[in-house]
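Structures for review follow.
You will see two complexes here that share chain A, one where it goes with chain B and one where it goes with chain C.
Entry: the complex of A and B
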């Protein structure tokens, strides 16, 4: 199942703003781009619902949510 | 269908459902005998402001956002901003006194602007004030809350600072309505039902209040507390350690609840209830600028839970996660839509009062977050600080606004006098500092 496409769509239309979605890199810093603590929780709920995973609150660390690629890695870790 | 009167070429811009909430609150504040929902966002500036360039920018601002120059008008049951095409008012004041008393005079001037009462239908919804001093200048943006929310006020400053003002064009629509119209009627009903459940759940416990509330005129006062960079980084580390990255605002709320318990509440019931706005805008998005785009969330904890620091933060995190998981964060949107057709009196009482008749919110709270501007220079002057002010209802008569600027945490205590005394606010402040820095023992110990 493709995780990155729906995740990118959700993050870049709901949680952070960028002038051109297509130009936002998968390694760009989401926290620098403005993702706040409420956004992080919203993201976790989205991932749990869409990808049928459980993402423990205790694992919410900068390294897990820093970029689209980091998020994909974190979700895939819990899909195993 | 999205409200087309919201588009900027129409001289009448109808209030969106979120604006209407703030209009009802404005009505409640005026009914309490106070000036209405005046808000203030001020920049502290070092150095001379280039007045010619600034005033030219205000002309551009009004051309770009014509409804900033308007008056509130009622057409049947509909309220909206009717354009009047006059210049955005800009006033200059000069602080009196010597260097030691000048800052106090500037502060008092700031408060007198926010406390100034004008009928809502004739008042300018937004104006600028420059309060000059020999040490520091203060530039205040004062606005009526139904016109725009705090994020929008920040965007107006961003616009003035921007080299690319065309970014702030388009999407002049209500994000609340956009989301509502995305749902089918059946979904709206289902979500409204969730909202009713959420409200019932909050109203099961009666809220503590810092004042019983008094009849008669109150004056807004404001005390600002600033933390240095070292203290701020310690507090943020404590927040991450205590509640994790996803719940940082809850750290402030939990610490505030405990500080209120330490200072003592005038009316003690079952729990402390903290309502706060949840902004539907994407962080850092340049549009929409005008209008309010917020829904409401609640953090609530009974006394026994508050009195144990560890259990309090676990409770708040769990409560918040459940709220988001159940979709309760959007559950008031359908009710806000219905609210547009209610009288302001009825709507105001529904927004404020619990089923038992008491005030729902124990304190107003906001975590404005890190304020970043594209430049440290504002028309030739250096931005050295920011201040936030808001008039509020009585009760609760007490608002605590957290923010960060240049890596330093600030707290603005906004409160109504004589309902709330300086001494009590100082007690809250002292306890809150201990809680934030985690230097205070458990209340039960």
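Entry: the complex of A and C
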């Protein structure tokens, strides 16, 4: 199951605004783009619900959610 | 009663107890009194008369508390400046407040060049004389989002803040052995608990590193290691802690009480948090900046139902409450109510004696006699505890040449509170990203709309006014 597409869709419409979703790079810094702690919380709730994963509490930190690629890697790791 | 008397008393009777901690730094009450004295001397040497307003260009922290208390000890009023907000906004505030000086650390930033800069780094410790002030004197002006398009200054007297902090001390039985975690910026009225209730009891304030709000398990570890016994913050911070704070493995045994305010705490998240912290007392505090806390509810865990919002409770701080018959609006009268709005360098006492302050919030009383909150009667939003007037965002948007028309509404989310969203009519070839860049030069980050719709024209009601309901629906169906 592709998780990047729905994840990008959620992050880039709900948490970080950009005019053209296709133009936002997978390595761009989401925190610099405006995602705050509330955004991180919503993102985790979304990911756990949509991808049926449990993301460990101790791994919730800025580096886990810093970019689309970081997020995909983090979620994939717990999807096994 | 003024706000510094109790703290000065602690400096004399409790000199070697730790007053403030921030990361690796800590000062005791004796050192605190010397720092306060240093600030008083700094202001006196600059020839600043008692009664002046002083801008604080410093982020929350140990030094800032020393400066703030020094400003009060010198008989002046502190005006917190949000260092994360755009320069233009801070400049508006120092100008509107009519500050006699701005205190900060190091070189004067360009935006304060015409306002008399005082460098806190240049002071040296100085003996503190006991200060004498009138209780009606203004202690602070807290600028919040204004519906007329500019920030609005809420002027609070020593008496009003003291009424709250003294009441809160009694409520949670604050002691000199308590250690209070502080996370709130100074321009939020929540910070008055951390500073004045704690320090006048002889307790210790410990500043939470800001980055921990993004890593809840690190926040809980910090609360545990620092043996925090009390914490007053917004539900969004606590909700994240409940969901991902690793609380199962991090018992917070020292945490006696948690106070929260600023937005509605989703009951489901509150229940989760209480399950992890069965020995902690929880209190829901309610009140706009204009009244500080005027209603409170001690959380009764057994009564919580996931689908039912928690009540705001009973009158607090000796205030009287009343519900307006036609609208259901909550009206407040009593000791914590503001002195008035501050604008254009003057206090505007909007309430005559014995008048009620109208909160703009719709409430009712339930079968247990508790007040319950139902929402705003106007358009104001609460975004992560921040108060946001959509009209202020619209005003800034309309001042941009690229924007022909706009309407800002709030979209709700499942965590807590709302976020601003904007529907805009634009000149050709304008991008939202360009607009956001311009907005961020004038508005703080929490006021920048997170969702946007470009429309050919705004939907209107038959009377020609903007149809905000249709605009809200555009954002709902887009999900």
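By our rule, the second predicted complex is superposed on the first by the 80 of 80 C-alpha atoms of A that agree within 3 Å, B and C clash if a C-alpha of one lies under 4 Å from a C-alpha of the other, contacts with A are read in each partner's own complex, and residues count from 1 in each chain.
Note that in this section a contact is a pair of C-beta atoms (placed from the backbone, for glycine too) under 8 Å apart; a residue touches a chain by one contact, two chains touch by 3 or more.
This structure is a prediction, so every number in the text was calculated from the model and none was measured.
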item: Fit or clash between chain C and chain B when superposed on chain A; value: clash
item: Partner chain(s) touched by A:17 [first = chain B, second = chain C, both, neither]; value: both
item: Partner chain(s) touched by A:34 [first = chain B, second = chain C, both, neither]; value: both
item: Chain B versus chain C as contact partner of A:73, first or second or both or neither; value: neither
item: Partner chain in contact with A:45 - chain B first, chain C second, else both or neither; value: both
item: Partner chain in contact with A:62 - chain B first, chain C second, else both or neither; value: both
item: Touched partner set for A:25, first chain B, second chain C, both or neither; value: neither
item: Overlapping segment of chain C (options 9-17, 27-35, 45-53 or 117-125) - the one that collides with chain B in the superposed model; value: 45-53
item: Shared chain A contacts, counted only where both chain B and chain C touch the same residue; value: 13-15, 17, 19, 34, 36-38, 40-42, 44-45, 57-58, 60-62
item: Of chain B, residues touching chain A in the complex; value: 167, 244-249, 278, 282-286, 317, 320-321, 324-325, 369
item: Interface residues, chain C side, partner chain A - complex; value: 211, 213-218, 236-237, 239-240, 243-246, 384, 413-417, 431-433, 436, 445-446, 448-452, 478
item: Residue ranges of chain A touching chain B (in the complex, touch as defined); value: 13-17, 19, 33-42, 44-45, 57-58, 60-62, 65
item: Residues of chain A that touch chain C when the two form their complex; value: 13-15, 17-19, 31, 34, 36-38, 40-42, 44-45, 55, 57-58, 60-62
